[in-house]
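Chain naming follows the written order as A, B, C and D, and within any one chain the residues start at number 1.
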Amino acid sequence: MIRDERIPSDELRRIDEEIRSDWPTGADVDFEEAIAYHESLPERKRFADVLESADKPLLQPRAGVPRLDDQIELLEYLHGEGKADLLPTTIDSYTRDNEYEKAQQGLEKARETGDDTLNGFPAVNHGVEGCRELIEAIDAPIEVRHGTPDARLLAAITFAGGFQSFEGGPISYNIPYTKRHGLEETIERWQFVDRLAGAYTQRGVRINREPFGPLTGTLVPPSIAIAIGIVEGQLAATQGVRSITLGYGQVGNVVQDVAALNALRDLANEYLPDEVVVTTVFHEWMGGFPPDEARANGVISLGGMTAAIAQPDKVITKSPQEFQGVPTMQANAAGLRTTRQVIDMAIEQNIGIDGIVEEQDLIERETRCLMDAIFTHGDGDVVQGTIKAFDSGALDVPFAPSDSAKGAILPARDDDGRVRIFEWADLEMDDDIKEIHKARLSQRADTEGREQSFRMVADDVDAISDGKLIGRP
Amino acid sequence: MVLNTMSQTVVLGVIGSDAHVVGITILEQAFSAAGFDVVNLGVQTSQEEFAEAAVAHDAGAVLVSSLYGHAEQDCQGFHQVLEEAGVDAATYIGGNLAVGQDDFEETRATFEALGFDRVFDSETDPEEAIAALRDDLGLTTTDTERATISS
Amino acid sequence: MIRDERIPSDELRRIDEEIRSDWPTGADVDFEEAIAYHESLPERKRFADVLESADKPLLQPRAGVPRLDDQIELLEYLHGEGKADLLPTTIDSYTRDNEYEKAQQGLEKARETGDDTLNGFPAVNHGVEGCRELIEAIDAPIEVRHGTPDARLLAAITFAGGFQSFEGGPISYNIPYTKRHGLEETIERWQFVDRLAGAYTQRGVRINREPFGPLTGTLVPPSIAIAIGIVEGQLAATQGVRSITLGYGQVGNVVQDVAALNALRDLANEYLPDEVVVTTVFHEWMGGFPPDEARANGVISLGGMTAAIAQPDKVITKSPQEFQGVPTMQANAAGLRTTRQVIDMAIEQNIGIDGIVEEQDLIERETRCLMDAIFTHGDGDVVQGTIKAFDSGALDVPFAPSDSAKGAILPARDDDGRVRIFEWADLEMDDDIKEIHKARLSQRADTEGREQSFRMVADDVDAISDGKLIGRP
Amino acid sequence: MVLNTMSQTVVLGVIGSDAHVVGITILEQAFSAAGFDVVNLGVQTSQEEFAEAAVAHDAGAVLVSSLYGHAEQDCQGFHQVLEEAGVDAATYIGGNLAVGQDDFEETRATFEALGFDRVFDSETDPEEAIAALRDDLGLTTTDTERATISS
């Protein structure tokens, strides 16, 4: 039975050798040589150090194209013209499904035709050497961003390739991304990823790990995102990770977003071991965007304003072309600069807003209910607790495609636009908290002169792309 | 929820490799609230899974959702699969059915030719599909309306 | 000696006839016929009614081109694609200088070549009929915006032409716009404009009047803008105007901007007669813009956010192309939509921020000092008081090009980015208020490790276009 | 302010119909703080007004600002006007001197040909102009630096 225990060294070695044989480039990974390589990197490329020592929110976009030289050009542009502080390398979908053969075909076609035949950078196929060329070409830290349920080989190659930050986790890259992967399976796979990061950490190369905070990106109640982030942080810490960035996706209500980022920071520091350095990342609006760049810039700016008030350590930016899919590099850089301008104008104002403390308190109480449920379900073991709590529905994520979550709860905005829970299903929560949500939603129903119903949920899902925060009738 | 004794069972799912879950979640709620029995197969559902569920639940309607632009290829031969399984149900499809949906009438014709009884674009309100289904199944509004607000 | 007294009817008639002979189109003005024309306009074109009954901030851009059909097309676009609630017609520079002959040549050249040979719409040359064609073509209220020290003929023609709102005033269209026009002269000219608006008002056609709040648009301390707006409101009220919109230009610090708009609303209602309906207008940042549309969108969005919190009755929007001068109609509409998106997402959140009350109190105390100075200088007459207070420097505007103001005071931002006064010159202000400003600026100097000096002023002037609010070294 | 006894008088103004006042206000402050006597003629100043002020104040330097792009035409014959009035002063010009300032060296040559001793672009810090003027007037930094922070 899988538990929250550190993988022994010999087991680590065994799995490592096994997974490295999945694709030829795995053979080039040499841990000792990789440690020496990381030690040779200049300070400004050390992800954890740069992030943890920043004195204002650092900005990071999303970006990945199949060919190495294109990826270098793209990241240089985002660094130079977009003034990104931290850079990403987004991995393609085939690699996320461990279909390295298909990724190889796509990469070769991209090299022949010059077209972007993959929707990201196939790091496994580029191998250790290809990754290092990228790391060397870009004068800033770079993170691997993907969405891979089984990211073991990807981790082995990118870590050896010089990347010092790796997004994802067993829950956050399962529940929102895939239908049929079991939680037990993804937890086991990610224990290896974390254990490998921990092995580097033990040798002085602190690999930063970042659970994917926004989850399904659609009206996720803050306490659910925070509880899952903390669990993933705990699992990583057990395996020896010491630099953890917990994430949260903007819901659009400034009070709730600031309160959630505060709660995330406070609870993470409380729940995670003292030896872990916790940082936070705020994702600009992950839901549907308006089909209009001008309005999209308004959505992005509201994110920048929220970041200026809450001051997370990092902000993942959006582009004004979000509606149409992958943005041009110019639009991507524009999203960065719009965000930078808003943050830099607002951050020195030290803006304090009313109601943060009360909302933060509510979010923390909700999160503790969920953490207690996990603890109880697992008799003290967070791995078993997580699996069983998702199974019973005591822990759940709205709009989850995965069979591992019930996906039975439904969120809706209250009269101020804060995300509340309309349908609780089997989510474990104190009754007095449920009453608070009910009262808030009832207030909205009164304002709108209609009953509380799934119609509010449907209207809220489309509201921001339609130009409002709340889906009023 | 007060279930209507005359209600019919509706099988619902996102076809192919598509993982867009929000729309189908809203649809499940809407059809349940309207008094239908809903079997939600979720995302990434194969043609065979639709057919099996329709048979198992004696479905009155099969509702297919697709939002990632590959609906046409995902639905090739779908009605033959249903027929071979012995499914006798109304079939609807809705969502973003073609990349660059400039002429929806053309898209509608394509999917009607594939065998669907009704074709909806992504802007369709759930209420419209519910009204259509009541029509097609010969239900009156009063058969189901009692249930709409009782959750 | 000119005083704050209503122009008698016969004098009104005399001046009206005189100024209407300045240019042939003046002959077409017939007051009685014009009243009938206004009465024929539908409710949705009645500026004062639309503005005063709005339940959220209405948006209005700036826009003016020489040819009538182009102006119609431009305003239709801004109304349709930009969703502007209220529309402008910005007048060309020659008309502002009463050079109707040059404006005529420019208009004729524009008609021949299709080029925009004038920087606005020459309403005097288009005459009553041309104005009415515009009013009839556009399905929304339209305001005349200009910058004309002597706007008497412009008012006579545009009022008769169906416009129901008119920007400007004897101080706000003198001090920031022109060097050598005396205040006494512009006050006399604007008494006629207000008196004419009052004559329409008396007949049931409420012409809305809007003093130009931003003044020099460069770090204007709120209390100075508010005091001058109130004076211009008082002068207009004396002449019979009953719908007055007082303006304020964003300084970029959210607390100070919200406090200023609150103070403007409260003090205007206190100082102006009860029979006047007061509304407020917030101008998005009037200073230098970043030479980058992405960053400019951030500046615009901060304005939208401020408007969502302060909830003025109207917002004058900027475009992302502000840096390069007159925007394309697409960019102008984009500025409107970005602003609309931010306001509509944020306004229902009822965001309250800390420190508003204290800052508003300070602004109100400062404004009262200035109003008292004007009262004292004029022995109770606001016209004489204004002239003498500007003359002595007791009332002053920073960066004023006019010889009628000393232009000797200098503003600088404090450590939170609020605009304070660094050089008081002869401005009349209680010593304890001066001490507050000094202490705030001293705090900034400490933060920056430099002495308070004009360098701060220079750095602050460029800061927002350089990407920050405060010009730190 | 402690005025330096060796200080020279500087006449400052915006030429032509230009009404941009911010730059010149900053310059006035900077030169005053650096210990110069400043006569600020303000915006929309004619060639003749510059000349009159330079004579009346026995100016060591005439500083012309222009930001609206018409500097070249506004400065035609300016040095002749100064000479006829008997002005013997260093002449500087700065600002946005040409529309589309792509090649500043060309702009500099144009205005030097018109007779200006020094030509600055709009990005120039006041300190640079002050240092140049100290050089041209043979003043040392210590002659004026005492005064910089005493306001």
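Definition applied: a contact is a pair of C-beta atoms (placed from the backbone, for glycine too) under 8 Å apart; a residue touches a chain by one contact, two chains touch by 3 or more.
Treat the numbers as computed from the prediction; the structure is a model and nothing was measured.
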- Message: How many angstrom lie between the centres of chain A and chain B, each centre taken as the mean Cα position?
- Response: 33
- Message: Need the CA-centroid distance for the pair chain B / chain C, whole Å please.
- Response: 57
- Message: Give the residues of chain C touching no fewer than two other chains, as numbers and ranges.
- Response: none
- Query: What graph shape do the protein chains here make by touch: line, ring, star, complete or other?
  - Reply: line
- What are the touching chain pairs in this one? A-B, A-C, C-D
- Task: State the interface residues of chain C toward chain D in the complex, per the touch definition above.
- Result: 177-180, 216, 218, 398-401, 403, 407, 410, 451, 453-454, 457-458, 461
- Task: Name, in rising order, each residue of chain D that touches chain C in their complex.
- Result: 19-22, 25-26, 29-30, 33, 42-44, 126, 148-149, 151
- The answer for chain A against chain C in the complex is residues 252-255, 290, 292-302, 304-305, 333-342, 344-346, 348-355, 415-417, 464, 467-470
